[in-house]
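Listed next: structures, encoded as structure tokens.
What follows is chain A paired twice: with chain B in the first complex and chain C in the second.
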Partner chain A sequence: MTHFTLHYFIGILPLLLDGMVVTVELTAASLAGGLLLGIILAVLRISRFRPVAIAAAFYVNLLRSLPLLLLIFWFYFLVPLLVGRPVGGMTSALIGFILFEGAYFCEIVRAGLQSVRRGQVLAGLASGLTYPQTMRRIILPQALRNMLPVLLTEAINLFKSTALVYVVGVRDFLTAASIIGTRDNNLVPLYLLAAVVYFVLCLTASLSVGRLRRSYAL
Partner chain B sequence: MISVENVSKWYGDAQVLKDTSTNVARGEIVVVCGPSGSGKSTLIKCINGLEPIQQGRIVVDGISVADRGTNLPKLRARIGMVFQSFELYPHMTVTQNIILAPMKALKRRRSEAVARAYTLLERVGMREHADRYPANLSGGQQQRVAIARALAMDPIAMLFDEPTSALDPEMINEVLDVMTTLAQDGMTMIVVTHEMGFARRVADRVVFMDQGRIVEDSDKQAFFDRPQSDRARLFLSKILKH
Partner chain C sequence: MRYSWNWSVLTTPPYFGWILSGLMWTVLIALAGWVIAFSLGSVLGIARTVRSRAVRTVAAAYVELFRNIPLLVQMFLWYFVLPEVLPKAAGDWLKRGLPHAEFWTAVVCLGLYTAVRIGEQVRAGIQSIAAGQASAGLATGLTQVQVYRHVLLPNAYRIILPALTTEFLSIFKNSSLALTIGVLELTGRTRQISEYTMQPIEMFLTATILYGAVTLTVAAGMWLVEGRTRFPGMLTSEAS
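Take a look at the complex of A and B:
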């Protein structure tokens, strides 16, 4: 067991930072992809064309009924079979996260869309805009603003969930801490350190969301 | 220019329009009135295709609104509409509200759209509020901006859906004044309203509706002086009393 000194900490810092970069990248990419997928799903779900709405609803309910971990496993083992070559833990995890988060964001976006008065749609259509133009220019901007706090809270959840990539060997922050801990026979201090880092980051983010909510009366 | 021919409409089992027919000529001002739930708002929402109809035909400037092949956005771009609850876009300034449709639907250049917006804002007395957000305006001011927004598309006709019903009494006249000027400039207008003073001063014709039917469709003078139906007489006596 190595003593947890400042010198030791500076020694392991680059590895931990590399891990944090991976965690942040995973979060950001899943967030962007998931939100985009969620917006598309939400628009499909409120479509007046029934089969499309039902298909989107089925997808959302299916994905929300599966453990995220299972999804990550699935794409880790399934996608290589489909494309005929290994795709790596990062890609398969990212696909899993995006598909999973898309289902959650769909529900958030749908609630956001429903929070915008129907008269706004009528006003957009009456002015000669097409339905997609009305959605993009008038409804979505208002919906996104209304759902910003929920969206940010979900982003914080996602940030924590990315630690699941441990199982497919992606070196995110938690995995890096775990590897160092095992290597130096220092698991307890490193898991403690990881906990403190997650706690501080997530708490700060949560408090900021709360402040945003109050100052903009969201 | 606008003809409504034997139009019927249902919401599920409930029939909200029953075999309604009327015509509006170019430059004509028609006031539609009647008790709430009589189908007035539904009727004008059918004219620009915001509400589908199940029977009959509506023709606007030679184009049949309910035909499958009709390009509704293109048709709507030529008919202005003003709503009871204004429906300005809260995330945009007054100017942005006005230039959105001209830029996106008519592909006008921004500079051109803004110049036109300023002219129209001047006309409705809102030029100095061009950069404010709707939330910072009074109801009457918002409705005047909404009228300017509709005019920015250079419409061939304007539909007003109870434009003063959501306003405090002291703001009603500033909106009616703008509408009166518009009428004097020759705009074709269909106005759903309870403002009988406005109807007396400005309208050419009055359409009275009750329970989804057009009960009376007559010259303004005839409607106020000798209403034909009991229903219209009752309505007038109630609404003109105060």
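Take a look at the complex of A and C:
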């Protein structure tokens, strides 16, 4: 077994950093895509037009009943079939994450929207704004503020979930650690290192969210 | 899209049996993990509400530790790291002696992880009960333990029942991570069959329907139970 010396650590650092860049990219892209999809779904879900609301609810409940891993496999096999050529694990994982997180963000956004008092919608409509304008200019800004802490917590969960791309061979941080560990017969220190890095990052982030929650409530 | 459908793989031996055994392992992991998660989670939840600062701190440290490491990393720590850092005899037993080592590793990992989430629910449930109830219990001569046993916990469990349902469904879904350490549960099995037969869509549709069916059954069953155990006149969050 290779010993875990400072020299060794400096040697593997570039590979680990590359992995962390992939993890952060995947998190950021899934977050942006998932949030956008979630907002659209949430607006559809509270739509007065029943078929639309039911279809959105069906999508959300279906995706929330499936394991993320199954979804990652789904898109890993399905996307190349649909586009007719191999697209690589990263693209299919990203699609899976966006569709999956969209369902979770939908529920957060919906709770946020419903936390804004009904009178605000009526006031917006009464002042001559259309329904979309009322949503965009009156309701969403208030709702987003109410749900910010929950959104940030979900973003941390997403950051942790991205480790699952290990199963389709995307070289994120965990996969990089695993590859190096296998190559150098050094799995134990590398998995421990990965755990420490994730722990420090997530703990720092969740403590900050906790502080924000206390200082920021409307 | 060029894809040749072939639903007959579902009924072809041995695949049909494999899917059933996959479903069985998924359910077994979820149930066994739930036993650990529920027991330890209740202890954690209680520990976070007691008066002793030391106990509260230990419980809080456990929660932060297990909450801030990705579940997949925890799975690898239990499976690849633990046997190496234990004394040699114990490590060898974990690697070679223990029957179904992957299964038990997954159960322990999921149980200890989910315990944190259940602990937070139990704590929230206890804290949502008016402080007067605990005082009233003490005033009638109950001990602190009896107050928890007869007053706080029965009420807390009734209040958090919907959240516990969600947590059970989440350990059920998370059991799919066991495939990374070699348990052929439902997701792992359907992926394996889809590689053997080149029929991924049929296989993943089957898995999707099975996961959906179990989720629906559990949710419907618990919905009935919740209706019977809900406190009359109390606001409950409508589960979508």
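Everything that follows uses one rule, which is that the second predicted complex is superposed on the first by the 217 of 218 C-alpha atoms of A that agree within 3 Å, B and C clash if a C-alpha of one lies under 4 Å from a C-alpha of the other, contacts with A are read in each partner's own complex, and residues count from 1 in each chain.
Everything below uses one rule, namely that contacts are C-beta pairs under 8 Å (C-beta built on N, C-alpha and C of every residue); 3 or more make two chains touch, one makes a residue touch a chain.
All values derive from a computational prediction rather than experimental measurement.
In the superposed pair of complexes, A:Ala55 makes contact with neither chain B nor chain C.
In the overlay built on the shared chain, the residue A:Val87 is in contact with neither chain B nor chain C.
Once the two complexes are overlaid on the shared chain, A:Glu107 sits against chain C while remaining clear of chain B.
In the superposed model, A:Cys202 makes contact with chain C only, not with chain B. Once the two complexes are overlaid on the shared chain, A:Leu15 sits clear of chain B and of chain C alike. Legend: residue contacts after superposition of the two complexes on their common chain; A:Leu192 is shown touching chain C, with no touch to chain B. Using the contact criterion defined above for the overlaid structures, shared-chain residue A:Val79 touches neither chain B nor chain C, since it reaches no partner.
For chain A, the partner touching the most residues, choosing from chain B and chain C, is C.
Every residue of chain A that touches chain B in the complex is listed here, in rising order: 117, 119-120, 122-123, 125-130, 133, 137-138, 141-142, 145. Touching chain C in their complex are the following residues of chain A: 57, 60-62, 65-70, 73-74, 77-78, 81-82, 84, 107, 160-161, 163-164, 166-167, 174, 178, 187-188, 191-192, 194-195, 198-199, 202-203, 206. Interface of chain C with chain A (complex): residues 1-3, 64-65, 67-74, 76-77, 80-81, 84-85, 169, 173-177, 179-180, 187, 190-191, 194, 200-201, 204, 207-208, 211-212, 215-216, 240. Contact residues on chain B toward chain A in their complex (touch as defined above): 45, 48, 50, 72-74, 76-79, 81, 83, 85, 87-91, 100-101, 104-106, 149-150, 153.
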